[in-house]
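The structures considered in this document are given below.
After this come two complexes, each holding chain A, first together with chain B and then together with chain C.
Presenting the complex of A and B:
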């Protein structure tokens, strides 16, 4: 192979040398106005172009050298004063050149001068030249010769407004000339593939490719001819070009030329000739990448539509969408072996076009999706990842365009397309949908739409048959479920009946999610329902409707069932918190029995399921805090609850925890608002119990560690004494507080005391507080005077 | 001038999908020196988001937080001020200012930042200042029906702290400010 390249270099060098050599003598002849000699040497020079040894790339280099020299010759030809021969005679003279190739180059060169002289109509000369060039049938040589003809004739076409237009010369003649040259060039180009042995096929393809612009140039020229209006384009240009494209039956040429037509001629023309253009597609060779051709056409048309609003009616008038849609259908039908990714890419292009040109025609959009579904129907599950990516692109396009998932939800074929994705990609798409909702802050406001939405994201909501949740990466799974949890808050309607329907649908779907998903989805659903309860709280009476109206009671029934599901996980701590939230909400609705039931559930969980001591401490504080705010309980029920609660508090594992929980319980007997319970005695009982526990803690510390225990507990209890003292609990006297302060001081100063800056600081700040209250004067000041230290 | 963001009770994803967009556009990395978070984020994503705003992040545990390792309460010193953080579900009665004052005495801090009720409060008492930044997402709360999203920005400058509260009311961000000064002789802020 290397040898071959070396040889080519050698031949090229020889060729160039030959040209230079003859050019030198040609220049001498030109300088001395010697026409005969000039012709002789130029013919010799042009003989170098007769070589068959060079590849197109190298031939081009040789050709360019010759081209440059021919310009000088042309200048000489023009000056008939210099050589004394008329251009008509010159035209005759050059035909005596020995070999046909030099002869024709010279003829073209003279032809250029001839046309310029206007001694004959341009069309006559052009016709003659384009016919004569048939004499060279060698592909490469012929192509370059005709390319030369095209180059020199470019500015001499009888276009409208050009100097070469006349009665005999019209734009049609110009068109005819270019078309003929184009047709012949294409034939030569196609012929190249039949040359040479098969093993050089790849090299040949590459070489052919290098020459394609020579052929395509003609189309450029056609597009530049002013006189070619839509009519001429439609009747003559497109018809003839397509004829050649289809008839040449060469896939390389067909692909290139179709694309060339699309890129070179105005979009307006394409719209008006859409049927013709599309009609050619099924006639192309099956190996032609027609989907790329169609995609590029649709892209151009999309951009055209985007450029100006005035253009849009035209699209409707020519029924662009229908034609494109049908054409694509035909192509897919015809090319049975087209892989899935090819078909889907086509639909993606069509959808992009539709969204760009007809965004308001949701029926069109749905149609495209439907066509894609039909194609996918024959493929049970797509295996190809590229095809998958295209399906995702197909589904994402409407989301991005409409910025509003609600519109996408109305497309009936949307979920059907999603069904064809594999599990992994389906979930990716579901996440894309959720993110689109979150990003655009869209609210989904009807039960029906929620149902459709959940159908779309069902891959995230529950396990597909056979799929193994354990296989999923934990982080990814968490992300997914948190996204679903967040999504639930975007499902909202002001109207309570509709909102309740929405909650029921969400419940139906999330309950099927299994124990792994419930801890994520249940809280969101619960709080969404509790929000609805808040809204209904104020409303009186029944709402008129066919079904049972939305009432807090009904919602609480739902809530009980929803939270119960957490036992399957199990998630007792979460369930306890949610039960307490519901109890508070029931309190707000004045539903004593419902609230009682929720508390019962919470207590049961506490007793039976929450064993971890830290968790117990938090749980008991939540219970105390919630219970303290309950005002719906009658005396008996309240007593039962507080009794249980103080009991749990006293039975916590660690003494300090016990102490704190018990003194927290003191607040259960004192509620600050006007109707609230204010049982001073029981408050004091709690505080005294807390003191006993603190004492016990001290003794234990002495025994177990030989040092004093947490003095700070006493300071905390002291603060509680002060709290109730201030609130007016008669059972708490100044003397009692004084005693407590003394006790603390004793403990702190005892031999076994370990220095504890926290306790010291707390005591100091507490004493400062007492001092501050004393100095307040008035009622408070008097009260605090009772405390002496 | 030291800027401290006090924020909490977002309850993402249990009660709210995300921070309000208007808040998100205001909270830009690099402007804030410290973040104090009362708890109930609830997920790691929110933690990471705060971390991206400011690396000096202090969080205490709310009862719904995913991460169990956040402390029950925390104290830190910024400039001349001692600050304490506690979510507040541990202080009974919930939202009771006198009980919170007790916690403040116990932690021995000038400023106590606490949450749980989702109601903005800036309360001055003998022992110092109690600040509740409210809920940054306006999350559901049994304390109040309509929760406006809110957060607090404290500007600590010497012995003075200016508390800016940002509230989202009817789609507009409203700002209010309260001044607190600490006298150097007494240990508490007035």
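Presenting the complex of A and C:
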């Protein structure tokens, strides 16, 4: 192989030397105006191009050398005063050459001069040249010869406005000439693959690719002819070119030329000849990458549509969509072996086209998706990741275009396409959908749409049967579920009834999500429902009556069930919080019994499920906080609740926790509202109890560690005292505060006290506050004067 | 005999001039010694007239038994060299026996001479026309002088000139149909035609069109045939596919052709053939030969 390359270099060098040698004598002959010698040496020079030993690449190098020399010869031919032979005679003279290749190169060169002289109609000369070139059937030599012909004739075509246009020469002659040259070149190009031994197929393909632009150039020339209007393009150019493309039955040529046609001719021509152009596609060889061809066409048309509003009516007029859609259908049908990715890519392009050209025609979009479903239907499971990517692209396109998932939800085929994705991709797609909703702040406002939406994202909502759970990435899962949670808040309707329906649907779907998902989705759902409750509260007057389905009561019933599901997970802390939320909401609705029930549930959870002491602390504070704000309870119920709460508080494990819970309980008896409960005695009881516990904590610390714990608990209790003192609780006296401060000071100065900067600072600022209140004067100042230290 | 004279000093100088010598067309003619000389051109039925001057060398006289001029049309076979066959022989007596003392000029004329055959210079045969001036002497041999001239005869365009069209082939291998626009071409004509490939199962490398001249001399067992390829013109480079049609355009003017001569005086004939040759990649040649008639068309 290495040798082959070396040899080729050698042959090329020999060829170049031969050209230079003969060119030298040719120049001499030109300088001395010796036509005979000039012809002789130019023919010899051109004989170097008869070689069969060079690859196209090297042959091109040789060709270019000869090409440059032929320019000089042409200049000489032009000046008939120098050689004294008329161009007509010259045209004959060069044909005396015995070898065909030099003869035809010379003929083309003289032909160029002949046309310029206008002694014969351009079309006659062109016709003669293109016909005579048939003599070279060797693919590479023929291609280069005809390429030379194309080159020298380019500026001499009888185009409209060209100086060679005349009565006898019309643009049709120009078209005819280029078409014929094109046809012949393509035949030669296709022929190339049958040359030489078959085992070098790969090399051949490569060599052929190198030459393709020689063929394609003709199409470019055609597109440059001014006189080719739509009529001529439609009737002649396209018909003939396609005929050649189809008939050559060569996949490489077909692919390249189809692409060429699409790229070189104007968009409006494509639009007006869509049927013809598309009609050729199913006729191409099955190995041709038609999908890329069609995709490129649709991309071009899409861009064209995007370029100007004015062209859109044209699209409608020619029913571009229907035609493209049919064509794709036919191509997919014809190319049985086309992989799924190919078909889907086609649909993606068609969809892009539709979205660009007919954004208002959702039915088109749905149609495309439907067609895609049909194709996918035959494939049990998409294995190909590229195909999967294309499906995602297919599904994402409408979302991006409309920026509105609601539009996509009206597409009946959308979920059906999604069904064909594998689990992972399905989730990715679901995420895309959710993100789109988030990004655009789209509210999904009807129960039906919600239903459809959940159908779409069901991959996130519940485990698929037989799905491998182990593969789940924890982080991804969290992301997904958080997204779902956020999504739930986007499902919203102002109409309570519809909203209730939405909630029911969401509930139906999320409840199926299993223990791992519920903790993410339930809170969202609960709050979404509570929001509805609050709204109903706002319009309380309107909603009385048994007939109205969306009553807070009903919703609370629903909520109970929802949260119950959560406690079964089990996720008791979360359930507890939600119960409390609900209780508070029920409080707002004046539903004592409901609120009571929620509290009961919360307590049950506390008792039965929450074992962790830290969790208990948190829970008890939550309970206290919520209960404090409840005003719906009657005395009895409230007593039961507060009793329970204080009981729980005192039974916490750690003393400091106990202490804090107990002093927090004091607030249960003093609600700083106009008609809130103000039971000063029980407040004091709580605080005293807290003090006792704090004492006990100190002692325990002494026993256990030999040093008393920090006095921070006392300082905290002091603050509670101050609070209630300020609020006017008669049971809290200045003297009691004074005693407490002294107690704290004693504790701090005791030997066993552990120095603690935090409690020091806390105490200091508390004292400063007292000082401040004193100085403020007024009623409060006087009150504080009672505290002495 | 000429060389005998050459051995001695020629006894006199000859000069043969044609009466329209200044205006008559001269054409090149290759002589036996390889030199090319310009000689006048005649055609059949023309008058051949002129003057012959004989000038004895200084101070000498020529005694003779008479002076004559002959117009000879001769055919010479190379395998029978030196034997001329005269198909035309005309003679004019110029002088009665006597003496020539000084330059003497004789006018002569052969009117409407029948010269049916053209001058021809082939491989094995030559046809030539000469004027032969003989001064007969009793001793020292006769003095003879020759003057060549060329005869060309022109034909009108043939009234019937069919194209040559033929389908040939080798079964399951190669089928072609070729067509030459005429069967009769004049010397400056152009052969136009095409080759249509009906079936190609061999890998053709190239295709040539040859012009071949077949000169046959003698008759019966002594017939000599000589074939020369005068033109080898490449028509096609590379392998065509079925359905391909290759054009032919061959200008005859660059080649040294003569008209076709059929049976010239039972001595020889010259025929022309177009030979279509296809060469395959293993250098096998496939060919088909077709006779064409070549004629000389009067220059307009």
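By definition in this document, the second predicted complex is superposed on the first by the 767 of 789 C-alpha atoms of A that agree within 3 Å, B and C clash if a C-alpha of one lies under 4 Å from a C-alpha of the other, contacts with A are read in each partner's own complex, and residues count from 1 in each chain.
We take it that contacts are C-beta pairs under 8 Å (C-beta built on N, C-alpha and C of every residue); 3 or more make two chains touch, one makes a residue touch a chain.
Everything quoted here is computed from the prediction, not taken from an experiment.
A.B. asks: Who touches more of chain A, chain B or chain C?
C.D. replies: B
A.B. asks: Determine, under the contact definition given at the top, whether A:191 touches first (chain B), second (chain C), both, or neither.
C.D. replies: The second partner, chain C, only.
A.B. asks: Answer with first, second, both or neither: which of chain B and chain C does A:137 touch in the superposed model?
C.D. replies: Only chain C is touched by A:137; chain B is not.
A.B. asks: Could you say whether A:772 touches chain B, chain C, both of them, or neither, answering first, second, both or neither?
C.D. replies: first
A.B. asks: Name the contact category of A:98: first (chain B only), second (chain C only), both, or neither.
C.D. replies: Once the two structures are laid over each other on A, A:98 reaches chain C alone.
A.B. asks: A:745 contacts which: chain B (first), chain C (second), both, neither?
C.D. replies: neither
A.B. asks: Report for A:588: first if it touches chain B alone, second if chain C alone, otherwise both or neither.
C.D. replies: In the superposition, A:588 touches chain B alone.
A.B. asks: Which partner does A:117 reach: the first (chain B), the second (chain C), both, or neither?
C.D. replies: Neither partner.
A.B. asks: Determine, under the contact definition given at the top, whether A:733 touches first (chain B), second (chain C), both, or neither.
C.D. replies: Neither partner.
A.B. asks: Under the contact definition given at the top, report the residues of chain A touching chain B in one complex and chain C in the other.
C.D. replies: none
A.B. asks: Spell out the residues on chain B that touch chain A in their complex, using ranges where they run on.
C.D. replies: 11-18, 21, 43, 45, 63-64, 89-90, 92-94, 96, 98-99, 101-102, 105-106, 108, 126-127, 139-140, 142, 145, 187-188
A.B. asks: Touching residues of chain C toward chain A in the complex: what are they?
C.D. replies: 206, 231-241, 244-247, 249, 251, 253-254
A.B. asks: Considering the complex alone, what residue numbers of chain A touch chain C?
C.D. replies: Going through chain A, the ones touching chain C are 50, 92, 95-96, 98-101, 103, 131-132, 134-139, 141-142, 187, 191, 195.
A.B. asks: Can you tell me which positions in chain A touch chain B when the two form their complex?
C.D. replies: 438, 441, 478, 482-483, 485-487, 489-490, 520, 523-524, 527, 530-531, 534, 577, 581, 584-585, 588, 618, 621-622, 624-625, 628-629, 664, 667, 671-672, 712, 715-716, 719-720, 723, 726, 758, 761-762, 765-766, 768-769, 772-773
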